[in-house]
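Down below is the structure, laid out as structure tokens.
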């Protein structure tokens, strides 16, 4: 574990890290979110013959990933080479998985986290008329690869 | 409980609700998010004499609320009359509460939810060098008021 | 017919019209676009069991309408109360119809035109691997209502 | 001709193509749009001593090209190295030509198409007070170069 | 003179003011900026037969005004009813004047200040190849009207 | 000194420079702004136990730098590798210094100038309740390095 918060310089002031000298390598990150839905809401999801709320959520997540640096103050703008969001109905709700990749001097964990969050928020928006008590649970980083700090993979037990 | 998903017309196609004829009344919504942090990360938070990661998170949340309609496909653009975000260190992590208000024909639940989510994501971004396993738990609507569908207040027991 | 271009003052300089004193009434506009596709491309459209390119186009159009004032220099930012986009496979291509509405002191013709254009561009983007010669034909205003300048309805013969 | 729509994976789901491994080469694309104007409107265009509606359209097109990935869901954000838009009065209307270039792993056809479309929409906005029946005709890709899929040049006869 | 900074609550924390209950009245503000240019640069300005750098600056200022709430953290998003920017060659440089108006519960001083600043920055960008030492001097509020705090007009002597 | 304005082609038309063939080297620029404050306003600045107006200004400047190409028409979108803004209370006001860096084929002078300007505008916004006559004085380029046109450092005497 590092000794310092991210984005803090020696004077203890929040700042953006200078990545000018970092190697331009492929970086990938995967994040997950879970939207807890009651059985009644889950039953209503497939009743829409044409419009699929999970498709709306997927596109919203993909679009949001591209704007991560506008939303998260210390994130660098970068040319994403890939974003994907999957939204799947599972027991107890909708599971979202977002993947982002780039060839750059900085990682894309936040791009994946933003995509998963905005997709989850969109599922909430599409279902809130049925139940305002819906919860977004668990926005987490599943894995990252590439970059000097090494690869990371979430321990399965922590997601319980 | 309603019988239909939000944002779906009779043909089952996702769409934006027409709010032209709705009364322009004051609407307010409060959302909450919780970022679970280990004791080691919590201990590191106050070690920054100048830059306060919770202040960065507050501003990021306020700025994101204004862009809700760009992020959530079926949300209406509206003139927010108020946004605030509070970020507080509590046992086990950082508790975020976001409030949004408008005088309009549509509610601001999503503006509050987006503010809380982006503030939580920013806390994650500022602390992820210490622990990539940090979880954003519980993005929920705490309450809403104003509008035809009536007031809502989350039942305390559900936030367990 | 008026005597002057839109957005020009007496000195002949392009400017935004001052709508401060205009009545806040409901304004609506409908625009259409047509993407001409070969039979081979049209035949490929329904081969996608899950993702529907016309749904992607619909959401892109809705999202773009909200950002009209960022794209078109002399347009006023306004609180849209409704946007919808329909994309339908017809003989010879995809027909797009976009509707925008607001309660404001200025019309929403450009919002509808932008929504139709961006939906058409998205259909182009989703099909261009099959045929780069695809044409977007006919981005036109179908009708507008509300506002001092009166209602407008396109003459059917002009759309030939 | 390819066998598949763009942006669709094997499961038939719309997605962004992963361009991480693609060669960073110079890519250029040229798109055209045509705004059909009546003789009366064309005659009014040069009556503005200071503000030139075609200059407004040029700048709007250049600015829009930079935001292509925000407008078109499956487009990658990229660092454009060049954008230009020309707007010329010709017989029957205003001809727009937009050029975009980048050094990247993906093409810039959509950037050129967006620039041409938004420039055409801006001409419409500046002239619509004179004639609401103005049509944007023909938004097409004129040519592209660079990239694995080879160069493309529109056949002149198709633009008829 | 007030006793407190703007945007600070009783606990001394920066926040957005709640304007929900404020009267929706017409507010106007005028701001000015001055770009100091050497005689050599001023002489080069009119050498461009087609493109006018002051027109580019005008459009950039108008477009930026619409995005004030995205740039200035505590500003409310609002529906501007008017923006104009004038850029004039005077002795010693280019004088910029920006006007913004709205019918809302909050003023538009910052919209006028942002428009003037971005227009000045654009003049800088268009002339910096000739002289990097160009200075933007004096971004100031000239006047405001409307709203509870009363009208304001800058004292001429302060602009020295 | 060059003979031509920036961003003008041989026909005298404003355009974006094509940087496709320029070397991807590290470029850095530093800009400064000064917000002149009366003694009364300066005395009020430290009275805020929690929220620091200079921190709000810093974040606003950093966020604005990332959006330079959206604000300044002829600027290229690019992947900034570093942005920082410092805001310091000095005699007579607040001194702002903004630094931007990239590894690209074009410089980042405008990114630094935009960051300094928006930080200064935010200081104005936070203090304007105390004194509407506050002036932003001196937005200037302090230095630049990298790129073919060579390094630049402002002469100290000019900032008088």
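Here are some notes:
Every chain is named by a letter (A, B, C, D, E and F) in the order it is written, and numbering of its residues begins at 1.
Keep this in mind: a residue touches a chain if its C-beta (ideal position, glycine included) is under 8 Å from a C-beta of that chain, and two chains touch if they have at least 3 such contacts.
Composition by chain, UniProt nomenclature: A, B, C, D, E, F = Cyclic pyranopterin monophosphate synthase.
Note that the coordinates shown come from a computational prediction; the quantities given were computed from them, not determined experimentally.
The interface holding more C-beta pairs in contact, when A-F is weighed against A-B, is A-B. Against reference pair E-F, the listed pairs D-E, A-B or A-C yield one interface repeat, A-B (criterion: more than half of contact pairs the same by residue number).
Rounded to a whole number, the gap between the C-alpha centres of chain D and chain F is 32 angstrom. Distance between chain centres (mean CA atoms), chain A to chain E: 37 Å. Of all residues in chain B, those that touch two or more other chains are 14-15, 51-52, 56, 59, 63, 67, 70, 73-74, 77-79. Chain pairs recorded as touching, per the definition above, are A-B, A-C, A-D, A-F, B-C, B-E, B-F, C-D, C-E, D-E, D-F, E-F.
Residues of chain F that touch chain E in their complex: 1-8, 11-15, 40, 44-45, 47-53, 56, 59-60, 63-64, 67, 70-75, 109-110, 113-114, 117-118, 120-122, 124-141, 144, 152, 154-155, 158. Contact residues on chain A toward chain C in their complex (touch as defined above): 51-52, 55-56, 59, 63. Against chain C, the residues of chain E that register as touching in their complex are 26, 58-59, 62-63, 66-67, 77-84, 101-103. By the touch rule above, chain E contacts chain B in their complex via residues 14-22, 69-70, 73-74, 76-79, 104-105.
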